[in-house]
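Each of the next two complexes has subunit A plus one other chain: subunit B in the first, subunit C in the second.
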Partner chain A sequence: MPTFYAVEFKPWVFLEPQNLKVTANFLGDFFPPVFQSEFLLLLLKDAWTTIAIATAGMALALVFSVPLSIAASSALSVSSLTGPMHPVGFLVRQSIRWLLIVLRSIPELVWALIFVRVVGLGPAAGVLAIAVTYTGMLGKIYGEILESGDTQTSRAILVGGGGRLQAFSYGLLPQNATELLSYSVYRWECAIRSSAVLGFVGAGGLGQQMDASMKMFNGGEVATILMVLMLLVAMADQISSWMRRAVQ
Partner chain B sequence: MEILLEGLDARHRAVASDGPKALQNLSLRVQAGSHLAVIGPSGAGKTSLLQILATGLRPLEGRLSIGGADPWTLGGTGLKRLRSRIFYAPQVPPLPPRQRVVTALSSARLPELSLAGSILNLIRPQFAQQGYQALCAFDLGEKLWLRVDRLSGGERQRIGLAKAFMSCAEVWLVDEPLSALDPKRSQQAIEALLEEATRRGVTLIATLHQVEVARQMFPRVIGLREGQLRFDLPRESVTDAALRELYNQYEYELEQTPVGPGREASLMLPASNSPVIACR
Partner chain C sequence: MKTAGLAPPTPPSMIRWGCGICWGMAGLAVLVALSFWSLDLGLHRLFSGAALERMGRFILELSRPEVSADFLDKLGQAAFETLAMSFVGTLLAAVAGLVLAFLASDGPDSRPTILALSRLLLNLLRSVPDLMWAALLIISSGLGPMAGTLALALHTAGVLGRLFADASENAADHERACLRLAGASPIQCFLYVTLPSIIPQLLSYTLYRWENNIRAASVLGVVGAGGLGQMLSYHMGLFQMSETSSILITMILLVVLVDSVSYVTRRNLMR
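Here is the complex of A and B:
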């Protein structure tokens, strides 16, 4: 209850006649959605930009987060096999953890505003914003997946004289592959949504189009854009289930 | 490699620092290339002893020397090199369910592979021939390309033993190798292990619940109880009285030892498919 109070959650305001009218007008504007071929073609291009921003951002994030999560994972600590973790190893792992916290605690929207200043308006700012935030998120979750799974194989490899990366590729990776994959694909889906949002601050794609349509009070166009977004997310969902089945 | 323990104390890592010790004042000398069975009731410290020898557990006190050196004074690189010369097979072999048997087996060869080599081996298995030979010793040759999760518990246990054949270690530490096997398979597995260990001159230390197997197959048997060495005898001197004392109040563990018929006959089996695995 205190949280409801804090956010001034008063559902009954929806039912006041004044507000009902505003809501009805706003929603009424959505109909009919715009299906002109010219606009659809434009949306197709924007949807592609949105997917491209998300995918490029994800790819960059993977490049950085995979090594960071391997380095940060205590499951690959040789010293903690037989006692407390070596201080150097602890320091390295802890500082990577802090770096990941910094990267992901700043929302991608803020990163995007920063990068728009640096590289100018356009998709590049969106790609960088997603890359930075998602490096933080993926690095943290990958590290946790690696630590929470069964670590017996990787520990056995380390005690058998194998290297950390060998323990990763022969122990942790096969043990956690499906989880890592399905989480990554889910995050790609999230990246598509956030790249749409980033469009509002000028990073291009569907978001920028939606921003323009909203500013012109063109509800029909907004409705169409939302439908395209839903289609994209449904598509990502389908791809995710295909990929998981392929790895099973 | 010769193994030497003097007055060694150990405590399992999960136990509080004032909790009971897993091993107390243990002294033991195992000559290079000899075969030793460790018996004793549950909780006697058999697994802890193997973990100490595998350098997976650090002793609290006492002297430990493996191949003439104390593993814990070697430093990172030296310890890693020593670890690659010791093979430890836990009771339940750690095998990722989605890994193929051939890959799981070749993980025993990782210490000699470079990182690039080991990644390449994931894509294009290089140890198929050796893996097949190692599996054949345990009647599992046809399982080489299967995924681990297609195998039964007993098959997995034998895969774990076949991994010893794959490794280039000079010491094999085998924890309860027969716990998931029926008497016939047990006999076959322990014979294969002993035969190959003899051929390679490997030091073999196995913990066993099957007291009869220990007495029949291993030249030397030690009895552990409550973390202490109760006896250390050549097999012909391990009397029923000594066993009864060791298993006092744990007699049910002594009785459940499977004694299959025809053991004497199977002992006479010729060395048929002895694997030849070249180590670098």
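Here is the complex of A and C:
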């Protein structure tokens, strides 16, 4: 109950006459949605920007998270084959884990706010925000996948004198490739959702357009943008589930 | 002299045209290349002297968090507000999701129209991100945490409803059929047979979404929906970096706290 009080939970304010009037006006504006060819073309460009921000951010995240998760994975520890892990190895792995926790605890929208400060308004801030947050998430999940699988092959390679990279590419990777791939594709789908939202803080794409239309109370444009957004999310959903089924 | 029997087998062709996943991968590579090319990011600017200097100053400013008692008091209130938003939002979503899941799960008693309508509603709720729901609701209810809470509730109801519906469809319907034959109504069957068997799963999904929502709740404020996010965008807008730094630290602590509570609870549930 104190939580309901804290969020000022008073749903009846929606029914106050003046609020009802604003809502009715705004919702009434939704119909008809704006279907001018210029606006649609603009939205098409924004939709592509949204996809591109997500994809580029995801690609950068892969570049950073793959080496980090290999470095942090205790399945590739040579010293723990024979006894407790060497303190230096333990320290390195633990500090990488803490770095990943910090990276993913700050929401991407906040990272975007920070990067807008550093690189200015535009898609670069969005790409960097997604790259940083997803490095944290992917790094953690990749590490977990690598450690949860059967590590016998990689241990055999390490015992036989093979290097860590060899143990990874011939022992761990072949076993876990499907799971790693399908998780990455799923995350790409999530990245598209996030990048649509990042526009609200000025990182380009559909979110920015929506913010602009909303500030002008242009309901028709908002309706069209919402439709495009739903189409985009549904499309990413389909592609990602198709790809995940293909790798199984 | 070679005989036919000793001839080495011809190696498999390098390219398998029927390999769908290879085409998918090639498509992804093209998509990545096109993305970088079309966005014109100018990431090299990030490593130029001026940007590096700006970044250095920024980090230096962030390294001195504001810890005056007054400010910490306000921060505590905002953190509680964020926590409350995520809690109430998830609770409302779980209730609404359960009702929608009952309507949207395919079974012997479901009617096609209701099924289609409730699934459409679930998709609609789910595909609009919570931040956009918040921006829309603020128009009707004014600034404040309630818009944020309802936004979380709407989006999460879509997500949870879908998961709940899947769970109840997958639950064994053997006993349910028995009850139906004995004359129980569909609602009674749902309440007394399906629900008890899937409750651990539902709780675990709900806790998982709560973890997500604490992150979401802390940023909803950026569009004016209360909590830590509102404080963050206010102080960041005024370039007050030491306050910003304290708010960021609080966010991290809150997320880590909720994550570990939910992790422990879920592990106990699974036992």
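The working rule: the second predicted complex is superposed on the first by the 211 of 248 C-alpha atoms of A that agree within 3 Å, B and C clash if a C-alpha of one lies under 4 Å from a C-alpha of the other, contacts with A are read in each partner's own complex, and residues count from 1 in each chain.
Here is the rule we use: contacts are C-beta pairs under 8 Å (C-beta built on N, C-alpha and C of every residue); 3 or more make two chains touch, one makes a residue touch a chain.
The model shown is predicted, which means the values in this text are computed figures rather than measured ones.
After overlaying the two complexes on the shared chain, residue contacts for A:Ala177 are found with subunit B alone; subunit C is out of touch.
Look at A:Leu229: by the touch rule set out above, it reaches subunit C but stays clear of subunit B.
In the superposition on chain A, A:Met210 makes contact with subunit C only, not with subunit B.
In the superposition on chain A, no contact is made by A:Ser241 with either subunit B or subunit C. When subunit B and subunit C are set side by side, the one touching more residues of subunit A is C.
Touch criterion met: A:Phe9 reaches subunit C, while subunit B stays clear of it. Looking at the shared chain after the overlay, A:Leu165 reaches subunit B, while subunit C stays out of its contact range. In the superposition on chain A, A:Gly83 contacts subunit B only, with no contact to subunit C. Judged by the touch definition given at the top, the superposed model places A:Ile106 against subunit C, while subunit B stays out of reach. Using the contact criterion defined above for the overlaid structures, shared-chain residue A:Gln94 touches neither subunit B nor subunit C, since it reaches no partner. In the superposition on chain A, subunit A positions 247 are in contact with subunit B in one complex as well as with subunit C in the other.
Those residues of subunit C that touch subunit A in the complex are listed here as 20-21, 24, 31-32, 34-36, 38-39, 41-43, 45-46, 51, 54-55, 58, 80-81, 83-85, 87-88, 123-124, 127-129, 131-132, 135-136, 139-142, 144-146, 148-150, 215-216, 218-219, 222-223, 226, 229, 232-233, 236, 248, 251-252, 255-256.
Contact residues of subunit B toward subunit A in the complex are 13, 54-58, 76, 80-88, 90, 94-99, 103, 107-108, 110-111, 113, 115, 118-119, 122, 167. If you check the complex, the residues on subunit A that touch subunit B are 78, 81-83, 150, 152-153, 155-157, 159-163, 165-166, 169-171, 174-175, 177-178, 247. Within the complex, the subunit A residues that touch subunit C are 2-4, 6-11, 13-14, 19, 22-23, 26, 48-49, 51-53, 55-56, 59, 101-102, 105-107, 109-110, 113-114, 117-119, 123-124, 127-128, 193, 196-197, 200-201, 207, 210-211, 214, 217, 222, 226, 229-230, 233-234, 243, 246-247.
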